[in-house]
Amino acid sequence: MKIPPFKEHNPPDNLGYWTNKKTGEKYGGQYISPLLIPNLKKVETGFKKAMKNEKFLADLEEQLVNHIGIVTPILRSKELEEIAGGEKKIGKIFLKRTDLHHDSSHKPVSAFSSVFFAKHILKAKKIITETGASMNARAVASACAKLNLSCEVHIGALDAEKVSLNKDITELYGADIKVCHDSTKSLLPAMAAALRSWQSDPTAMYVVGSVCGPHPYPLMVRTFASIIGRIAKKQMRDLIGKSPSTVFAVCGGGSNLSAISYPFYNEKNVDIFGIESAGKGIASGAHAATITSKAPIGILLGARSNVLMDADGQVDPSETEASGLDFSGTGPEICYMASTGRIKFRATTDKEAQETFLMMCKKTGILPAIEACYVIHAALKEIKKRKNPKENHLIHLCGSGESNVARMLKYKKDNE
Amino acid sequence: MKIPPFKEHNPPDNLGYWTNKKTGEKYGGQYISPLLIPNLKKVETGFKKAMKNEKFLADLEEQLVNHIGIVTPILRSKELEEIAGGEKKIGKIFLKRTDLHHDSSHKPVSAFSSVFFAKHILKAKKIITETGASMNARAVASACAKLNLSCEVHIGALDAEKVSLNKDITELYGADIKVCHDSTKSLLPAMAAALRSWQSDPTAMYVVGSVCGPHPYPLMVRTFASIIGRIAKKQMRDLIGKSPSTVFAVCGGGSNLSAISYPFYNEKNVDIFGIESAGKGIASGAHAATITSKAPIGILLGARSNVLMDADGQVDPSETEASGLDFSGTGPEICYMASTGRIKFRATTDKEAQETFLMMCKKTGILPAIEACYVIHAALKEIKKRKNPKENHLIHLCGSGESNVARMLKYKKDNE
Amino acid sequence: MNKTFQRIFAKAKSENKSCFVGFVTGMDPDYESSKQILIELSKYCSVLEIGVSFNTSTSDSSIIMSANDRAIKSGAKTEKIFQLIKDVKREITSDTAFVTMGYLNQIHVYGIDRYIEDCKKSGVDGCIVVDSNNEAPEDDQIFKGLTKNDMAFIKLIAPTNDSNYIKQSLKKCSSWVYIVSYAGVTGSKDVNLNNVKKLSKMIRKQSKIPIGVGFGIKSLDDVKKVSKLADLVVCGSSIVEKIKEGSQNGLSNKNLAQFVGEYVKQIAKGIE
Amino acid sequence: MNKTFQRIFAKAKSENKSCFVGFVTGMDPDYESSKQILIELSKYCSVLEIGVSFNTSTSDSSIIMSANDRAIKSGAKTEKIFQLIKDVKREITSDTAFVTMGYLNQIHVYGIDRYIEDCKKSGVDGCIVVDSNNEAPEDDQIFKGLTKNDMAFIKLIAPTNDSNYIKQSLKKCSSWVYIVSYAGVTGSKDVNLNNVKKLSKMIRKQSKIPIGVGFGIKSLDDVKKVSKLADLVVCGSSIVEKIKEGSQNGLSNKNLAQFVGEYVKQIAKGIE
């Protein structure tokens, strides 16, 4: 398959801001200690160079295709169509199967690309990253193993104590896991710890797990990840002769959402939906729905974006069953796209996602990542509401659920 | 990708025998209680019909491509070439990445095909299968969930007690798991229990986990599974303009070996290697190396083939770290191919496989199924010995190691 | 037809009765007890069917599988089963027929010709080989060997078998044919008389061969009913269960034999 | 230049000494103790740098992060830090400069203009905003607000920053500039004098602004050495560690203040 090349059609300005022209609100930027400014400039310059380096891009694509297995199928799911009311009522439903990637989620695409970039463009010898549920750590550690770079992973002490398949795999891949005892002992302080570590070691490169962090990370990650959407768009053309009517993706930091929807930003006829975790319900306050809960703008991990925080600016911990969505912010470009209304947002509760997980297993024979169940639930609801037999719906099935099995089997048995 | 159609070039006779012309020895057949004969005849007739049914074959292929994700990449592994002595000394090494399949191994290909066949050709409403490590059960249960058939899985009591990711996933897919307390409480009595259950329910269909069992199972499973090899062969042509010099695959029952090597049977220039588990060493007696240990011919689970057994014909339990290879027999066609010398056999000890597992994680960023580590070790050894820079080697990386993580991490820590 | 069966059938005919067939796994729970059980059972059974254990049998119920496990644990081997039969025959005077029941792998490993020879030597009258396919070369070899040595090849026929299969099977049956009363495993369901009637009819169209019926016969009443339809009434799982029960209660040797014998005596009364 | 700093630098110059800057996280471990600590430290410090806690700061060491945690737990909020400064200033007579140190998010949420106003009201003399990018609009706004209100905007400069970055930073620095002695986090390594020399040289080429040095200064000897090179010597992590040590040993309020003061007194003697 010939993969369409990347085209920039939502560039930030030179300082890494996306500005909402109506409100004047800025998203993104580079708010970081002066100690990290040179590191970021190196990444920025390197990234610009990389995107013009044909050989780099070709080599990277070759590895993504043959190692990450990025040309995953798009599966038409008659089972889900049935559940939503039948093709004759609601049209067709397609699943982009990035659960079939190496290391079982969309994450390895940007993780591998970033590490490949670090090795070949920046000539770095070491990668620093952070992790919550270890999906990102696993992907980064895998890339480091293959590309022979050392890998340092920061993880909150609470997350480190949890039994975690992905964490164990990260260890097998040879990563050096640093446990962070700061603050909430979870993802956010681990991210801060990773950034601090990078501050001490400018020859290393920091890799972020989503479209977050200071400029140029949000730009770089979505650019790398968008190969998923470029392929999906082409596949939809091959399948139905045109782009889908809707694109649905879950949104934690926003990488899988931008990964699949970015290439459709300019297509007005394609409705794009980002789905957040409403946790125990938005009203309960225990959720990870930054956008849906209308969280204010803050400056988190180096960028302006919507942030769950209290009146004094202390960041509130998010709460959700999906550890991959357990994040108090959202990537700046996504926040910008939400502010313009180009991406519409919905939120699914943990309970709804858990029920969707069981449904997916039993009715479709697919073991989805729990993260993906938030989007599937919301998509089915939206599709039922749209009730348009002429439509084609594309849902990003962004991961496989091996690491959710123990908790979900317990949930199943507790609720039988 | 246009997948080359199946061509029969090693047919058994009408009774399901492959006969070694030199020795007169027969492999295969249909040794089963008269109660099962009608069930088998139905499968036999159905299978013949199916292979001529263009629509069935096209629909099946469509599902295999889009649901199982069968067009997995072939990855050239420079890391393994380096380890074997460098491209300039040993040529090129390619990995067929069936670890990227839905449900993470080669098994779902024949499992899904068999269940699809049961539904559309036999109009069965229920599937019966057996399992050891639950890799097969997981794949069959997934197919049953998607195709809306009920699924009954027989598992030995000892296997059922083991913590097993695949067993839990099988349950999530909605399978009815029947624990079997007979005999060694492991895979073999579970297979017998599955066959007996089928005896009681002729409207169900039995699905076997490998190229074993009474005729037509060995024929049917390798025919379905060979799509892997058909694709791989075409991919190798696209990559290097010809077939590889060698094909390496691990051999438990033999399904992944026939899956990849079948389409090369007629190509004399392609050396085919099957790799067994030597467990603690062939001499120790604690192994699963039916062919390498020169096990005699027996009649196991309905077919003549080489069988690990004592002087009185009681089947000996196999012993190996790889639960997917923990089987006292080998499929009849494979035994036949071993007897003619067309497939050469090697065996790898558990210890060697475990070290290979750690090496793969650390050096290639791939988490292989422990089963696949037996073949990788033996392949590297053989490739080093051949020392031919003009050769292209194809190794079947037949599964992903999520379910091996806990044991392997323990092994790693114990051996550090 | 095998001589012993000839005599047994002739006697049964003269009494206007059918024959009772008792099944046990050889050497369950051990050699000596099994010997005593067979001796005791010979008082009530015209035919003794003796299972040769295979640890990976594909058609036995869990009841028989456990018996196999017990027997193998106590050292059951093919040659020991022959020894057992010889020992039993030495101690009984009744005109009882002996049939072995087993799977092909055991025979194949033992050597088909050697197996038949040893059957002959130990006074076996017929063999059941559950998984011997009519069309398999081994099946032909067994058939020829048994026939040459005046022993019966006893084939199983199931309700799901078609007339073609029945025809093939009957060709190789010389003394009697064994009807399986339902599609399932031994001991799992109740005997199915409708199936028996249907199958008997099909067989009768082709042959006059005596018909045995098994699977699910476990009470006096079952025996009575089947006795009306069949020439031989086979009772297996329920006897094996009794052996297990008795031996779990600490019985062995003659005590166990008596306990099991009591049960067989009761149900064998149903023979009419 | 801010008036307080003007006086402090003049005095220091007259004594041919540099100035000692003591850092604590405001409200660590609690409001009252923190107040007493600041009062006590004012005896030995020309400048008091007070951290405004942010629970997700990207540049603080674990030592400071823990202090932040303790402060937040005891109710630290931006407005309370202003209150604290006011309370402290009310009780001291020394001519000490007060600097806040924090992250942009706190200020952004508080409101930049409101923050500057409240700084002014509570007698703050300057602000460090660790993650305020020179090129960001917020940075301009802060710079303008502080300048207008005669407060210092104190920028950090790291050994890895290039001359262009230094130039940009110096443009916004009115009272002094803060040199980070090594690329790392506070308290993690020893002060790097080579870096300091190099950076000072680069700065001196462009400006006569007083230079402060921090990161890794924790002993009398460190203070002595840095004192020779810099106009201000900043000591943070080691003071914060003393607060932790004292409060873990059960000290609070004046007792804790005295314990910490004792330490600061000792190392501040290194000022030359």
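Should a chain be cited, it is by its letter among A, B, C and D, assigned in written order, with residues numbered from 1 in that chain.
Everything that follows uses one rule, which is that a contact is a pair of C-beta atoms (placed from the backbone, for glycine too) under 8 Å apart; a residue touches a chain by one contact, two chains touch by 3 or more.
Being a predicted model, the structure only gives us computed values, none of them experimental.
In summary, no chain was found to touch both chain A and chain B. Greatest Cα centroid separation from chain C: this falls to D. Measuring from the averaged C-alpha position of chain A to that of chain D gives a distance of 38 Å. Chain C and chain D have centres, each the mean of its CA atoms, that are 97 Å apart.
Inter-chain centre distance (chain A to chain C, centres taken as mean C-alpha positions): 67 Å.
If you draw each protein chain as a dot and join the dots that touch, you get a simple line with two loose ends. All chain pairs in contact, by the document's touch criterion: A-B, A-D, B-C.
Across the complex, chain B is touched by residues 53-62, 65-66, 68-69, 72, 77-78, 103-106, 108-110, 130-133, 135-138, 155-158, 160-162, 165, 169, 180, 183-185, 188-189 of chain C.
Listing the residues of chain A that touch chain D in their complex gives 15, 26, 29-39, 181-184, 188-189, 191-192, 195-196, 199-202, 296-302, 307, 309, 311-315. Chain A makes touch with chain B in their complex at residues 65-67, 69, 71-76, 79, 97, 99-103, 141-148, 165, 168-169, 171-174, 358, 361-367, 402, 405-406, 408-409, 412.
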